[in-house]
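Next come two complexes, and both contain chain A; in the first it sits with chain B, in the second with chain C.
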Partner chain A sequence: MVKDIFAKKTNILLLIAPALLLLGIFVGYPFIKIIIMSLQKTDGLTPATFVKFDQYKKIFADSAFWRANLASLWLCLLAVVFNAVLGVFIAVVLNGLSKKIQKFCRTSYIMPMVLSVSVISQLWLAIYHADWGILNAFLHLVGLDCWQNAWLSNPHTAMVCVAIVGMWWMFGMDFLMAYSGINNIPKQFYEAAELDGASKFQSAIHITIPLLKNVIKTCFIISATGGFFTFPQVYIMTGGGPGDLTQTIMIYMYRQAFSNQRYGRAAAVALISIIETCIILFVLQKAFKLIKSEE
Partner chain B sequence: MKIKKFLFSMLIVAVLFSGTVFANGANEAQSDSQEPEKIVLHMLYNDTDEKVEDEMDYVMSRLPEVMPNVEVELDMSPGDAQSYETKVRTLIAAGGEDLDVWWERGGSWATPILNSNSALPLDSYLDESGYWNDVIPSAKLPAADGHFYSCYFEDISYEIMVYNKAIFAKYGLEVPKTVEDLKHIVEVLAKTDITPITVGAKDGWCAAMMIEGFAYSVDPKITKKIVDGEAKFSDKPYAEAAQVMKDLLNMNAFSKNIALTGISDAIPVFESGKAAMMANGSWAVASEAAKMGDDFGYFYYHVINSSDIDKYGKNIAGGVKQNSGFMVYSGTKHPKEAAELAQVAAELRCEYVYTKLGNPFTIYNPAKMGWEAASELAAPVEQLANDMTQFEFVYGLVRDVMPTAAGSAGVMQSCAKFMTNSSEYPISSFLSDMDKAALEE
Partner chain C sequence: MTYKSKKTEWLVTALLVIFALTFLYPLLWLIINSLKDTNEIMTGNAFGFPQKLKFSNYSDALIERNILRYFLNSTIVTSLTLLLTTFTAFIFSYGIVRMHWKGCPKLTVLVTLGLMLPSQIVIVPIFLMLRKMHLINNPLSLVLTISAFNLSITTLISSSFIKSIPREMEEAAIMDGAGLWTILSKVIAPQMVSAFSSMAIIIFMNSWNEFIYALVLITGKTWRTLPVALMNYSSGKYGTDYGGLYAAMVITSFLPVILFISFSKEVEKSLSAGALLK
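Now for the complex of A and B:
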């Protein structure tokens, strides 16, 4: 009966039609609209005028865009290293420890993730505040007054501080995925390896990591895109400032749209960032494919 | 039998009850039909703090009495000016269904609204209603096309510095009139636990206001010249002002976190006596005088060159912001009533701040309006009200005079960044960014 239904293409089309319709309305249409808007000059109220690739030319000529883009790519890299790689590493290490320690660490790592980003940002503001922040107070306490700093308004530390917040917030996600993945690996594999005299390190390298590859890939993708699209914590903590010191590509786009009232240019930035994300995902896919073919 | 009796009595009760209800309903319907139908107008207002909530409570309580034929549905929209203006633009772009009158924040925010003909010109209405007889002449500030689109109600704003008299008295300090005097005060206070100056530098415009204040002593028309394309930020007045600011930063005149201190953070620091001075606008004078009492004072920006001391307090940046106040949506179904609402709401708001709060910095002439302040004006408030009549030239960034939103944003961002006092952002880079902002399309 079911087979008969799926034999007809019209039936399949009818069944997926609602989903396709929603996809078209909420993804397809806005995407096409962004492409059109990126070729226009518009403030959202006065009639839009087509300016061909003018918006792109102006964006590429703007040094602030390149700085923001570089900052976002840097955040993307840091998120991959300190969230995905570190998350998987800690999950593997933790799996070899006692259940009590596992439970404690698991809860600790996941806790930031369940907090609202507004709470997280306020919390870290209290840490970084130059006048009454916990970090400067601690440095004073241990006699390292010379290390005290205006953490979020110093060009050398501002972006690092912002990156730490994002990594601390989302670390639990990668850790949790890797940890769950490890727990799904049949125990017999480890028992067999133990009987063959394999050490814990060898088990991790030859059993855990290969069987966890798909999970690791997902962690990399989520971390990379999350890092690249960093926005809320920056918006709450510094608003992208002072000036453009902590401006990411998303903040740059937001400012173009809502501070400068240049919706066309903001759409062009959106399209550029979508293309960049596609490139990042393509590179990750290729890298994982390469590892697979080497195996 | 008993059940039958019970059911019968219940039926009678139900019939009597429904009869009464329907009879009342009919009476109500009859009385409703006798009352004239009220016109419903939607008004949008930016809920920035408790002060504006109180103002609008007063306006809403008085409106039925002044405009009995109109029912106003007020939407108090929270958030900063940017979020609020985004909402205004979105409502207009969506057809303006629930928008008849709104508080337009003015300046470059209003440009796309006026360019898209979304605001109703109020010229003829204001002429007919005698509005111009009630307000000061400087309130007659038309848009670029010569029309009037708003009923101004915000306080007339001047860039000033407020100070804590008690702290000054404690350290034997005098009101500074020159930058040298100011530096001396900073030098004294920097050695104490008190922050010499606080400013909402994160918001950009507060820092811009301060730099502009210093630049005015060199050339009061410099900002106007820049806006008109006749001068640059990198010219002498702003270059000298930026140097003064840099010197103050190097002298630890501000807290370490100054670049990330918003105006909402700076105000409590000053009011609690943790900072001796604060760069602010004159809109804060009445409320701070009420809060701080005799400890509160203000002064104008100091002259950079001591030889210009006779210019002190003569030319003050500020004034009335163009195209701000209550605007009427051009697509409103009730243009006449909406225009009247804009004028009445503006007047009631100003009446409230004058009569209840003792704030005279409105565009209305209290004597002509027959308003009386609830109590005597505080000394600094009275002083500023008198000084206002002596100002020779008023114009400034605080009025959001940059021609484009991108220009305003660029100026604010550059000023906020400059306040980091980073060696990687010297005066030359700052002025160059400011020049770039002025040229933004």
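Now for the complex of A and C:
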């Protein structure tokens, strides 16, 4: 009788059908659809025509695509360095401080992450504003008027400024992962090290970092993909400008689809970016394996 | 683990607190400036307090610029997504963990793969599909899409929790003549409170803050949600009103912030679990 209920076909179907339908329609089908669409020319209204690899050829011949790619890879690198590496570092350093300071810093670092990227972007538009932005006002306050700038329309600063917004928004994620990872390390390890006369710095290098390796890897992966797929901040703040300087690969895809109605081309861009992400993840995996063998 | 010398400890504390202020100050600035007149924002002291508190920024935003309407829209979309995702993930994970059927392990792997896909990748086919179904500008399209993308992570949370529940209670209930739905609602669900709350936090954050799909799937004003409304705040006949915009941003943000401050432990736990989703 017990077995009956758990093996009855209609029961099983009722339980899993809603989820499978949702996943199938909104994740599985669209994913297969982008593979098919990338080989087609379609404006979404008239019937699609099969064009083989034409879309890919056109994308690879477009210099804007390569610039967008470069911008995305650059954001990916910055996110890894300043979110993953800095996040782990800050988490390690913060761990030695008093509980009150820890709580205050932790809450502050994580706060931006619970806000919508839309709020974050509008806030940073106010910070970067050329005439009355906080950043320029701050530079005036400390007497660095010569550094004042139209941050988002100056081609020299636009990219870095956009990158900072994403890093500020998502810093809490890497920090939080590392911080909870550290708190899962048994205290005895440190006590033993202290008895052996290890300094704070030594125990961080020889105990914390090796034990955190998997957490650090996750941080790298999250930051790398997050940086590579940067979209909403750029869309709201610069729209890809000045020119197409801050155009990331996702902005490029969005414009192909929703400004030019080239849905086939957009699908091809999506597929290319998935392959690129796989390569990035593969390289990260290899790099972390390498570190292991050295130890 | 503590710092050996007091001096280094003070130095590290000072640096980390200053670093924390770069996260906190812009948010404080936002609240202060949401009470300033737009003229004062543009010409006055950027770091100062308002000369006169202008609460009308909030009423202007809520009434004149329809933020109240968009707030309701966001609430409707988020509540429906919460209900649909939590329920679907709950019964799905029960089906995966407890039921005996072929192909179950393979399917679980596929579900986990769903975690790795950044949602915006498939925006083009989803948009075309929903347009064909005439669901553009229908809040249902947003609810279904966000639910689907949150299903993998919530199913994982729910199924790992169900695994930890001993089978004896279910078996006893069956002996007493309970059917599957009685087991789910009377035996399992009451034990899942903590799992449901971390699932709900993830779904709430992702759905309340959703921007990209809201931008593409809701093009008209009627069902616009808060994040997209902020982007369009300055357009239209009234022109740029920064004071009102900042008030609207505070209105958009207060729910997630209050949730985070009052349940920081749970939110932190959910956020780090949800990290895999982004």
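Note that in this section the second predicted complex is superposed on the first by the 263 of 295 C-alpha atoms of A that agree within 3 Å, B and C clash if a C-alpha of one lies under 4 Å from a C-alpha of the other, contacts with A are read in each partner's own complex, and residues count from 1 in each chain.
We adopt the following convention: contacts are C-beta pairs under 8 Å (C-beta built on N, C-alpha and C of every residue); 3 or more make two chains touch, one makes a residue touch a chain.
Quick caveat: nothing in here was measured; it's all calculated off a predicted structure.
Residue contacts after overlaying the shared chain place A:P242 against chain B, while chain C stays out of touching range.
Look at A:G44: by the touch rule set out above, it reaches both chain B and chain C.
In the superposition on chain A, A:V81 makes contact with neither chain B nor chain C. Of the two partner chains placed by the overlay, neither chain B nor chain C lies in contact with A:L290. Of the two partners chain B and chain C, more chain A residues are in touch with C.
Once the two complexes are laid over each other on the shared chain, residue contacts for A:L144 go to neither chain B nor chain C. Of the two partner chains, chain B is the only one touched by A:Q261; chain C is not.
When the two structures are aligned on the shared chain, A:D131 is found in touch with chain B and with chain C. Applying the stated contact rule after C-alpha superposition, one finds that A:N154 touches chain B and leaves chain C untouched. In the superposed model, A:L115 lies in contact with chain C only, and not with chain B. When the two complexes are superposed on chain A, the residues of chain A that touch both chain B and chain C are 44, 131, 258. Within the complex formed with chain C, the residues of chain A that make contact are 1-3, 5-8, 11-12, 14-16, 18-20, 22-23, 25-27, 29-31, 33-34, 37, 44, 90, 93-98, 101, 104-119, 122-124, 126-127, 131-134, 137-138, 141, 168, 171-173, 176-177, 180, 190, 199-200, 203, 218, 222, 225-226, 229, 231-232, 235-236, 250, 253-254, 257-258, 263, 266-267, 270, 273-274, 277.
Residue ranges of chain A in contact with chain B, taken from their complex: 43-47, 129-131, 150, 152-155, 238-239, 241-245, 255, 258-262. Looking at the complex, you find that chain C touches chain A at residues 1-4, 9, 12-13, 16-17, 19-24, 26-27, 29-30, 33, 41-43, 45-47, 87-89, 91-92, 94-96, 98-101, 107, 110-111, 114, 117-118, 120-129, 131, 144-145, 147-149, 151-152, 155, 171, 174-175, 179-180, 183, 205, 208-212, 215-216, 226-228, 230-231, 242, 245-246, 249, 252-253, 256-257, 259-261, 264, 267-269, 271-272, 275-276, 278.
Those residues of chain B that touch chain A in the shared complex are 82-83, 86, 89-90, 92-93, 112-113, 115-116, 118, 201-202, 204, 255-257, 259-260, 404-406, 409, 413-414, 416-420, 422, 424-425, 433, 440.
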